[in-house]
C-alpha cells in the first residue's frame, strides 16, 4: 500500500523555527498548556491522600483513609465500580463486534451510502450527550427496559461504536485486499479467509478499538445519570457525591479512575504497536 | 499437445464503458510456458485474473481441461498463483505461509511437514521455515510465494509479473530458475509480463496483446521473425517500418519503391498492393562500397555503442533512414558518423505487416 | 456486513432521538405550543446567549492557547512530538468528572488558588472562585483543548515542505515564513479545531452544572431540568431541537467552506 497520502512525521524543515525569541513564546505556551492539562489531575491525586475530612489545599496531613473508605468502608463505592466494569466490558464487546463488521466494508470502499453511514456512525459524538441520554431514557422507559442494565449497556455502545470503528478502520485501510485474494486463490473459502487472514491482520485495530470503547463507557457520565437505574455506575456515584458534599473519597475514587484510564490507555497503545509490528510487510535488503 | 486452458470470446467490460478485454480467443497447451505479453492497459493482467477466477468475464467462456470454469469461484479452481507483490501473509511464518494451501485442504500434519520441506528445498530456501516475511529480502519473498503456489501440486501455475520488483541480475537468475522449475515439475505456466526480453527468453508460446485483444500467438521465434502486425513487429524487439509501393517487375522479381528510399526487390510472398513492411536491423548489413544487390549511397547519421553491438542509422538522399545492428567484434570495420555506406539485406527478410 | 451496526444505530439511536425530538411538535397531537412558548421565553433567550457566549469564549481561549502549542509540536523531533500528542490524547481519556472535580479542588474556597493568593497577600480571606463564568471557561477549555490542538497539528504537518523551503530560498526569515506560508495554510486546521470545540461546547452539561453559577446555565441543563423536574418532555424536546439546529447550522457552514471530511480527519485519535 505504501506511504500515507499525508506527511505523517515531523517535517525537519520546521526545525528552523526552533530557535530565537519566537521559540521562547512557543515553549512557554506549550509548557503552560501541558501543565494546564495535567496539573489539575495531579492535584486530585494529592488530595486523595489527604488526612482532612473536607476539601482543603494544601492538606494538613497525609493518610489513606479515603482509599480505605472507597474499597472497604463504604460498600456502595466498590459496588458502583463493579457495575462500571461490567457495563464497560459489555459495551466494549458489542461496540467492537459491530464496529469491526462495519469498518471492513467501509474501509474497502464501494459501499452504497458510504458517506451517510460514516455520518451516522459519527453522529453520537457530535450530538450533545444530554439529548442522547434523554432520548434513550424516554425510549427505554417506553419499552419497559429502564430498570435493566441492558439499557445502559446499549446506550454506552452507541457512544463507543465510533471509537471502535475509527480504530478498526485504520487497520482495515492498511489491509492489502490482495492478501485475501491470494488466500482464496490458494483454496480457502471466504469464511476461512475471514477467520485466518482478515481478523488476525486487523487485530491491532480491533484491540485498540476495544480498549477505547471500554474507556468511553467507563468514563461516561451523562447517559449513566439517566440510565443507571437504581444501581449507579462509578461516575454516577461520583456525581452524586460531588453535588451533595465534597468528600475526599471522591478524590480517591478519581485516582482509581485515572489509574484505570492510564492502564487501559497504555495497554491499548502498547498492544496495538506490538501487534502492528508483527504484521509489518516491508522487506529487508534486496539480494537473493 | 492437449490443450489445458482455453479462452473463448472472452470479454470483460468495466462499467460504465471501459472494455479491458475485447473478445479474446487463446489456448494454452498442457505443460507449456505461455506468456501474455503486452504494454500496460493491454488487458493481459485482467485476462490472467479471469483465468484465476478473481474477475468474472462479461461474456465468453473459460475452459480448464475441458471443464467450463467461467463462473467457478477462485477457491474451487485449484490453480496456483504468484502475485506481483508476492502477497505473503505477514502474520504467518514462511512455514505457515507455504503450508496454507494444504491446511485449507485439511491434510495431515505429517504430510504438510514433508510437503513444506520439499517445496522449500525446491526453491532453495531450506532453512527459512521459521522466519517471517518481513525478515526476508524481495527475492526470498518471491521464492516463498512460488513454494506456496506449487505445494498443492496444481497442474496450472499463473504468474503476474513476479519478477518486476527485482533488480536485473536477480531477474535473469530467477528467469532461469522458473524455467527449470517448470520443466522439472511439468506444470503448465501462464505468465504475464510487459518485458519482451523476458517473454522471448522464457516462453514456449507468446501471446501478444494490445488494447484488450490478442494481436498474435505463436512461438517467440515465429512472432519475432514473422510478425503479422505493425504492433507485434514494434513491440518485440526493434524494427524498421517501411512503406513500400509496387513498382512493376524485372523478370520474375517483383519490385517496390520504398518511400523516401531506393527501388528494391520484394519477397516472393508480396501482394500486389504494397503496404507496410518490417525489416529487422540485424538483417541489414553495411558495406563500404557498392556491391551486388546493395542499396545506396547512404550517409551514416548516428552510431550508438551498445557494448556487444552497434546500432547505426544510415540515411538515403531521398529521406529514408534505416537502422542496422552490427556485432561489435572487429572494431576496424565499424562505421563512423558522416561516412558513406551501402546497405544490404535479403528480400525475404522484408516482412509484410498489417497496420493493426 | 455493515448492516448490524447500521440497524443498531438506526434502531437505538436515530429512532429514540427522532422520537424524542418529534415530541416537541406532537404532544401527542400536532401542536406548536412548545415553540411558541420558547419564542416568548426570556429565560430561554438568556440561556441561549449564555451557551453561545461561553462556547465562543472557550473556543477562542482554546485557539489562543492551542495554536502556538500545535506549532511547537510540529517543530519537535518525532519522539517528543509523539510523546506530547500522547499526553494530549491521554487527557481526553481521563474522566470528565475527575477533571471537573480537579477544578473544584483548585478553585474552591479551601483550594489551591485561594490558599496561594492568600499567602501572597493578594486577597485577605479565603474565597471561592467557583460558580462563575471564569471557572466554567477554564474548566471547559481544559477539557476541549486537545480537540483544538490535534486538527491544527494535522494541518500543519500536511503542508508541503517544499513550500517552506521555497519561501526561505526566496529570502523570507522565519517570522515571515510563518506569517505568509504556514499560517494561511494552517487555517483549515484551525477552523476544524474551532468548529469541533464550539460544537462540543454547545452541548456541555456536566461542567456548567457543577462548576457554573446562575449566569452559566446552558441549554443542556435546561433539557435536563425540564425532563427530571418539570416532566415536560415536549418542551424539553423543543430545547433539544433548537440546540440541534444550531449545531447543524454550524456544521453546514463549515461543510460549505471546508468540506465534511476534514472533520473526520481532525476528530480521529
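For reference, chains read A, B and C in written order, and residue numbers begin at 1 within each chain.
The criterion applied here is as follows: a contact is a pair of C-beta atoms (placed from the backbone, for glycine too) under 8 Å apart; a residue touches a chain by one contact, two chains touch by 3 or more.
Model, not experiment: these values are computed from the prediction.
Trainee: Looking at A-C and A-B, which one has the bigger number of contacting C-beta pairs?
Mentor: A-C
Trainee: Work out per-chain C-alpha centres and flag the one nearest the whole-protein C-alpha centre.
Mentor: A
Trainee: Report, in whole Å, the distance between the mean C-alpha point of chain B and the mean C-alpha point of chain C.
Mentor: 62
Trainee: On a C-alpha centroid basis, what's the spacing between chain A and chain C, in Å?
Mentor: Each chain reduced to its C-alpha mean, chain A and chain C end up 18 Å apart.
Trainee: I'd like the Å distance between the centres of chain A and chain B, where a centre is the mean of that chain's Cα atoms.
Mentor: Chain centres of chain A and chain B, defined by C-alpha means, are spaced 55 Å apart.
Trainee: Spell out the part of chain A that touches chain C in their complex, as residue ranges.
Mentor: The touching residues are 6-18, 20, 22-23, 25-27, 29-30, 32-34, 36-38, 40-41, 43-44, 47, 54-58, 98-99, 101-102, 104-106, 111, 115, 117-132, 134-139, 154-155, 157-158, 161, 163, 165-167, 170, 212, 215, 218-219, 221-222, 235, 238-239, 242-243, 246, 250-251, 254, 257-258, 261-262, 264-265, 269.
Trainee: Which of the residues in chain C come into contact with chain A in the complex?
Mentor: The touching residues are 1-2, 4-6, 8-10, 12-17, 19-21, 23, 65-66, 68-69, 71-78, 81, 84, 86-88, 90-91, 93-106, 108, 110-112, 115, 142, 145-146, 149, 154, 156-161, 164-165, 168, 174-175, 177-178, 199, 202-206, 210, 219-220, 223-224, 227, 233, 236, 240, 243-244, 247, 251, 260, 263-264, 267-269.
Trainee: Residue numbers of chain B touching chain A in their complex, please.
Mentor: 52-54, 73-75, 77-81, 83, 85, 87, 89-91, 100-101, 104-105, 132-141, 148-149, 152, 165-167, 170, 173
Trainee: Spell out the residues on chain A that touch chain B in their complex, using ranges where they run on.
Mentor: The touching residues are 176, 178-179, 181-190, 192, 197, 200-201, 278-288.
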